[in-house]
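One chain, chain A, links the two complexes that follow: it is found with chain B in the first and with chain C in the second.
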Partner chain A sequence: MIPAEMLLNAFVLGILVGGLYAIISLGISMGIGLLNISNLAHVGFMLLASYGAYTLNAEMNLDPIVAGAMLSPFFFILGYALYVMYYKVFERRIELPGTGLVFLFGLLVILEMVMYALFGITERGIYTYYSMQTITIGFLRLPLRILYPFILCFGLVIAIYFFLTRTRLGIALRGVGLDEHVIACVGCDPLRAKSIIFGLSLATASLAGGFLIAAQPISPYSGRQFIGIAFAVGVIGGMGNIFGTFLAALLLGVLGNLVTALYGSIWGAAISFMIALLVLLIRPKGLLRR
Partner chain B sequence: MRHKKILFLIFVVCLIETVAAFLPTVFKEWYFYYAAYRVLYFVILAYAWNMLGGYCGFMNFGVGAFAGVSAYASAYLLKIGVSDFLTTLLFGVIVSTLLGFVLAFCTVRVTGSYFSIASLALTFILQAIILSQPELGGGGGLYIPEPAPPAPYTDFREFLFVLAVGTALVALLTSWKMETAWIGKGLLSIKDDEIAAGTLGVDVVKLKLLVVLISSAFMGFIGATLPYYVLYLEPYSTMSIEVTVTTVASVYLGGIGNFLGPLIGGGILGTIMQTVTVTISSELNMLVVGILLVVLITSAPTGIMGIVKRMQGVRQSND
Partner chain C sequence: MEKAIAKIYAVVAAVVIIIALVAGGMYYYLSIPGQVVEKTPIRIGFSQPLTGSLGAGGQATLLSLKIWAEDVNAKGGLLGRPIELVYYDDHSNPADTAAIYEKLIGVDKVDLILGPYATIPTVAALPIAMKYNRTLISVFATYANEAYHYPYYFSVMFAGPKLTDWSIGFCEIVNSVLQRPTVAVVAIANEVGDKISRGFKENCKNYGFNIIYETSYPPTTADFTSVLLPVKAANPDVVFFVSYPTDSVGLIKAAKEIDLRPKIIGGSMTGLQYAFNQLTLGKTLNGVIIHHSWIPAPALMFNGTAEFISKYQALAPTYGVDPLGYYLAPWSYSAGQVLQQAVEATGSLDQKIIGEYIRTHKFQTIVGELEFDPASGELKESKLLYIQFQGLTRGDLLDFTGPTHLKVLYPPKYKSGDLIFPFPGWD
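On to the complex of A and B.
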C-alpha cells in the first residue's frame, strides 16, 4: 500500500503540473474553439520558445520565465503573420478541406527537425536559483520550479478570461468564433480578429515554452507528449472555453500524477487520452460547457 | 460499357500479379525485391491515406500508429509461438481496424480536426506504451526469426514482394471503385457540404466509418507484413511520424483524391528515399520530406495528377 502522504503529495504536485498543462492547452483550445483550426504545430512553437529562452539564458543569463515573456510579442507577430498567410492560402480554398491541417503538421515536422539540427538530441535545461529549492508545508513538498509557473499560469488564465469576456476587443474575438459574417456586418474585420486570436495563441505558446524549460529539461521531441494531453484537456474542458480548459487541466494533472505514482508515467497520458475519447462520445462539446 | 471497363481492369490487374508472381523464379536480384517492397509499402499506405483524406476530408496523422500497431500485433503472435503467416496477418488487420474504428467512432460527430489531432497524439502514446512493455521488446526492440519462404520462392522477401504488388493493385481497384461507385458520390457530397449531404439522405456517419474501416484495414494489412520484412521491430522507427510524413507527402505529390495519385507519388518518393536514404541521415531525410510537403500544399495542392488533368483540359479546350 502506498502511504497517504505520498498520494497527497502526488495530488498537490498534479495540481501544480496542471497549471503548466493549462497554459499549453489554452493555445490549442483557442485555435479549435474560436478558429476551428487544430494547431498541430503549437507544441513545436512552444519548444522553439523554450530553446529561445535557453539561448537567452546562456547569452544574457536571463530567467527562463522572463525570457519566455520577452519572446511572446515576437511570437504574437509571428502568429499574426502566419495566420494571414494561412487564411490567404488555405481557408479560402474550399475544394480541398483539411489541407491547412496538413500544412500545420508539416510545420511541426520542420520545426522539430530544425531544432534537432540546431541543438541536437541531448536534453537542455536551465538551472536557476530556484531550480532545486522546495517549500515544505507540513509533509507537503512544493518544488519552486513548478510552483512559480503554476502561480503565473493561474494569473494568466484569469487575465485571458477577463480579456476575452470583459473588453471590447475580447468580445469581438469571441464573436468571430461564433459567426464571422455577423462580426463583419457590425464593422469588425474578421481576418484581423482571427489573426489576433492566432497571434495570442502563439504568444501563450511562448510563455508556455519559458515555463516548460524552467520546470524540466527539454529535447526537440519533448513537445510530442503534450499533444495528447492538450487534446484531452481541450476536449474535457470544451474547446475555446478558457475556464473549462483550466479546470480540465488541473483535473488531468492530478489524475495523471496519481496514475503515474501508482502505475508508471506511461499510463498517465494514455488514461487522459482514453477519457477524452469517452467524453467526446458522451458530451462532444465538453464536460464543462454550459 | 462500364461493365466491360471493370472486367478489363481486373484482367490487367490479374496479369500484372501473375507476372509479379513468376518474376522471382526468373529474375534473381535480392536487392530489387528488398527495395521494391519498401516502395510498395509506402504506395499502399498512401492509398489507404488517400481513401480517407482524399475522398472523405478526414486527415489521418497516425499512419505510423495504425501500421505500427499491426506490425507489433503480428510480431507479438510470432513471439508467443503462433507462426502461421495468415493468422498473424489477420490479427494485425483486426487490431488496426479496431483502433481505427474506436478513434473514428468517438470523433465522427465533431469536426474532422478532432480526428486529426487524436490520431497524431495516438502515435506518441502508443510509442510510449510499447517502450514501457518488456513483452513487446521495449526500447531494445523485438527480434523475429526468419520464416521459411513458401514453395517456389527462395527468399521470404520475394514472396512479400508478390504480396505487396497484389495489395497495391487491390488498393488501386478499391480507390477506383470509391471514386466511381455510389460510395464515391456519397463521399464527394460529404466533402462538399456535410449538412446538405445529410439532409439529402446520405448517411454521413456510416459512410465515414466505412471508409475509416477500409483505410485502416489496408494500413493494418501491409503493416502486419513488416515484421517479416525487417525481422526486427523497434518503436522509434515503427511508430514514428516519419512514416506519416512520407505517406502524406506521397499522396500530395501524386495528387490527392485521385486513384492514380498514390501510385505515382508513392512510387516517386519511395524510390527517391530508397536511393538516398543510404547517404543521408534519417533526420535530414525527414526535414527534406517535410519541406517538400509544405511547399507542395502551398504551391501545387493538386499534385502531379492535378497538373496532368489541367493540361488535358487545356488541350481539350484548344481542339
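On to the complex of A and C.
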C-alpha cells in the first residue's frame, strides 16, 4: 500500500500538472465558448511557439518561458489576422456544417508540416537550470518545471478573468459570444471583437508553448497528445469560463494523479474522460457556467 | 461591396495556397540531386516513415541507406549496374505502408525491396512481400514475423530470436552484484512494451529475482511523477523501465524529482540513445543503464564503420536527424550491406536465390558479423548492448560524443568499463 504522504505528494503534483493542462486548454476553451469554433490547430500553434522558444534559446540563450511570453504579441497579431481571413473566406461564405473544423484541422496539419520542414523530426528539448530542479517542503517534492507554469498560469487566469469581466473591451468581447447581433446594435464591431478573442487565445498558446518545452521534449507532432485532455478540460469547466477551465484542469490533474498512484496509469488516463462525460450528464453546461 | 471584398480575400487565399504548392513542388524536385545513369540501374524500393511519430527513425534510416547506395555506386555498383533508391513516405501510417509496397512491386516494378524502419510498418509490409514472394530485409523491427513464419524475411535488429534475449544483459549485470534482489517493472502499454516486459519477467524467474511491483502506462502519459510514486513506495533494489522516446525523458525527470533511488536503475529505454534527448537530460543520466545497439567503442569498430559514421555526421544537420547517429544509423546501413552481399555472392536478382543465400550465410557489416535464425528471420545471436552513463561532467554534446562516458557493461566481448554500483543518486 502506498503511504499517505506519497498520496499527498501525488495530490499536490496533480494540482501542478493541472496548471499545465489549464494553460493549454485556456485558448481552446475561449475559442469554443466565445467564438463557437473548435480550434484543433491550437496545439499546433502551441508547438510553433515551443519551436520559437527553442530557437531563441539556442541563438540568444533566452529562457523558454520568457521566450514564450515574448512571442505572445506576435501570436496575438497572427491570431487576429488569421481570424479576419477565416471569417471572410470561410465562415461568411461557406455555409456547409463542419467547414470550420476542416479548416482548423487542415491548419494543424499544415503547421505540423511547416515545423517538420523547418526543424526536422528529431525531438528537441531545452535544458534549463530549473528543468531538473526540485524544491522540498517537508515530505513534499515539487519539480520547478511544473511549479513555475502553475504559478504563472494562476496569475494569467486572474488577469484574463479581470480583463473579461472588469474592462469595457473585455465585457464587449464576452458579449460577442452571447449575442453577436445585439453587440453590433450597440456600435461594437463583432468581427473586430472576435478577432481580438482569437488573437488572445493564440497568445495563450504561445505562453503554453514556452512552458511545454521547458517541461518536456517536443517533436512537430507532439501537440496531438494534448488535444483530448485540452478539450476535456474545456468541456468540464464550461466552455469559455476561465475559472471553470482552471478548476477543471486541476480536477483532472489531481484525479489523474491519484488514480495513477493507486491503481496504475492506464486508469489515470481513462478517468479524465469518464468524468468529462459524467459532468456533461449532470451539468450540461459544464462545472461553472459562463 | 462586402461580397466583392470577401471574394478578393478568397482569391488571395487561393493564390497563397497555389504558390505554396508550386514552391513546395519545386523545392522537392530541386532537392533531389540529378543522377547520371549510363547503365540501367538496379532499382531498390522501400516505404519509410519519414513524417509522423516514427519520422525521426525513418529519416535516419533513409540517410543511412542513401550513404550506402552512394558507397556502392562509387565502387562500380551492384553486378556492374548502379543502384537507384525508390522510396515513399508512409507518414507512420501502416495502412499506407502496405499500399506503397503494392505500388513498388506492381507499378514501379522495382528489382529488390528493403523493409521500412520499425516494427509496426514492417508488420504491414510483410504480407505484401509474401504475396509477391519477395525477400524482405527490415530495419529495427522486433518479432514482426512471429505470426507469419515467412522464410524470406530477415530482421536487421540487434535483438536475438527469443523474447528473453532483450533483457538478459540487464539481468546479468544485476546478478553480478545483487543476490535475489527485489525488482519493479514500469512499461509502456503497447505491443513492444508488453513483449519486452514479458521477456524480462521470464528472465527474473530464471535468475530468482523477486518482482514486487509492476505497472504499465499509456503512450499519451504527459507526467510521470504519479506513475513512479508507488514504485518508490515499494522500495525495490532494481527498477527496470521499458519506454519510448518522449516517456524515457519523462521517466528519468520524474525519477529525479521524486528522488527514486534504487541500487540499479534503467532498462530498455528507447530514445536515450539519441543526442537530443541526452542533451535534455544532461548530467542527470550519470549512473543510468540503458540498452544500446552500437557506440564507437574500439571493440565495435569494424571494416567501414568509422567512414560511415563520419559521412553520416557530416550530413546529419542537413537532414535534421540525430547528430551522432550511434543507435540506428549503422544498422540501417548494414541492412543494405546484407542485400548487397547476397546479390553479389549469388550474381542474381532472383528473390528465392537471394533469400536462400541470406538464410544460410554470414555477412560482414559495419556492425559486425550478422547471421540470421532461419526459423524466425531474427538475428541468430543477440547483439544488444547494455551501457551505463558514467562521468558526465558538462552534459553537452561533447560529453556524449565518443566512447568515454558511455561504458559497455554487456556483453563481455564488447565490455569497455565496470559497473558503478550502487546507483550513486541523481546529480
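What we mean here is this: the second predicted complex is superposed on the first by the 278 of 290 C-alpha atoms of A that agree within 3 Å, B and C clash if a C-alpha of one lies under 4 Å from a C-alpha of the other, contacts with A are read in each partner's own complex, and residues count from 1 in each chain.
Note that a contact is a pair of C-beta atoms (placed from the backbone, for glycine too) under 8 Å apart; a residue touches a chain by one contact, two chains touch by 3 or more.
In this text the structure is predicted, and so the values were computed from the model without any measurement.
Chemist: What does the overlay on chain A give for chain B and chain C, a clash or a fit?
Modeler: Because the two structures are overlaid on the shared chain, the partners are seen to clash.
Chemist: Can A:F231 be said to touch chain B (first), chain C (second), both, or neither?
Modeler: first
Chemist: In the overlay, work out which of chain B or chain C sits against more residues of chain A.
Modeler: If we count touched residues of chain A for both partners, the winner is C.
Chemist: May I ask you to decide whether A:G286 touches chain B, chain C, both, or neither, giving the answer as first, second, both or neither?
Modeler: In the superposition, A:G286 contacts neither chain B nor chain C.
Chemist: With the two structures laid over each other on chain A, which partner does A:I266 touch: chain B (first), chain C (second), both, or neither?
Modeler: The answer is both, since A:I266 touches chain B and chain C.
Chemist: Examine A:N9 and indicate which partner it touches, taking first as chain B and second as chain C; both and neither are also allowed.
Modeler: Only chain C; A:N9 stays clear of chain B.
Chemist: Does the superposition put A:G44 against chain B (first), chain C (second), both, or neither?
Modeler: neither
Chemist: Taking the superposition as given, does A:G177 touch the first partner, chain B, the second, chain C, both, or neither?
Modeler: It touches nothing on chain B or chain C.
Chemist: Taking the superposition as given, does A:I32 touch the first partner, chain B, the second, chain C, both, or neither?
Modeler: The first partner, chain B, only.
Chemist: Is A:R145 touching anything from chain B or chain C once the two structures are fitted on A? First, second, both or neither.
Modeler: In the superposition, A:R145 contacts chain C only.
Chemist: Let me test your reading of the model: by the given contact rule, A:L107 touches which partner, first (chain B), second (chain C), both or neither?
Modeler: Only chain B is touched by A:L107; chain C is not.
Chemist: With the touch criterion stated at the top, can you tell me which chain A residues are shared between the chain B interface and the chain C interface?
Modeler: Residues common to the chain A contacts of chain C and of chain B are 89, 93, 113, 116, 225, 228, 264, 266, 269, listed in rising order.
Chemist: Sort out for me which residues of chain A touch chain B in the complex.
Modeler: So the residues of chain A touching chain B come out as 28, 32, 36-38, 40, 89, 93, 96-99, 101-103, 105-107, 109-110, 113-114, 116-117, 224-225, 227-228, 231, 235, 264, 266, 269-270, 273, 276-278, 280-281, 284.
Chemist: Any idea which chain B residues touch chain A in the complex?
Modeler: Per the stated touch rule, the residues are 53, 57-59, 61, 102-103, 105-107, 109-114, 116-118, 120-122, 124-125, 128-129, 131-132, 191, 241, 244-245, 248, 252, 256-257, 283-284, 286-287, 289-291, 293-294, 297-298, 301-302.
Chemist: How about chain C: which of its residues touch chain A in the complex?
Modeler: Touch residues, chain C against chain A: 5-6, 9-10, 13, 50-53, 55-56, 58-59, 189, 215-218, 220-223, 225-227, 229-230, 232-233, 245-246, 249-250, 253-254, 256-259, 271, 274, 276-277, 279-282, 284, 319-322, 395.
Chemist: Could you please specify the touching residues of chain A with respect to chain C in the complex?
Modeler: Residues 1-3, 6-7, 9-10, 13-14, 17, 20, 85, 88-89, 92-93, 113, 116, 119-127, 131-132, 134, 141, 143, 145-146, 216-217, 219, 221-222, 225-226, 228-229, 256-258, 260-262, 264-266, 268-269 of chain A touch chain C in their complex.
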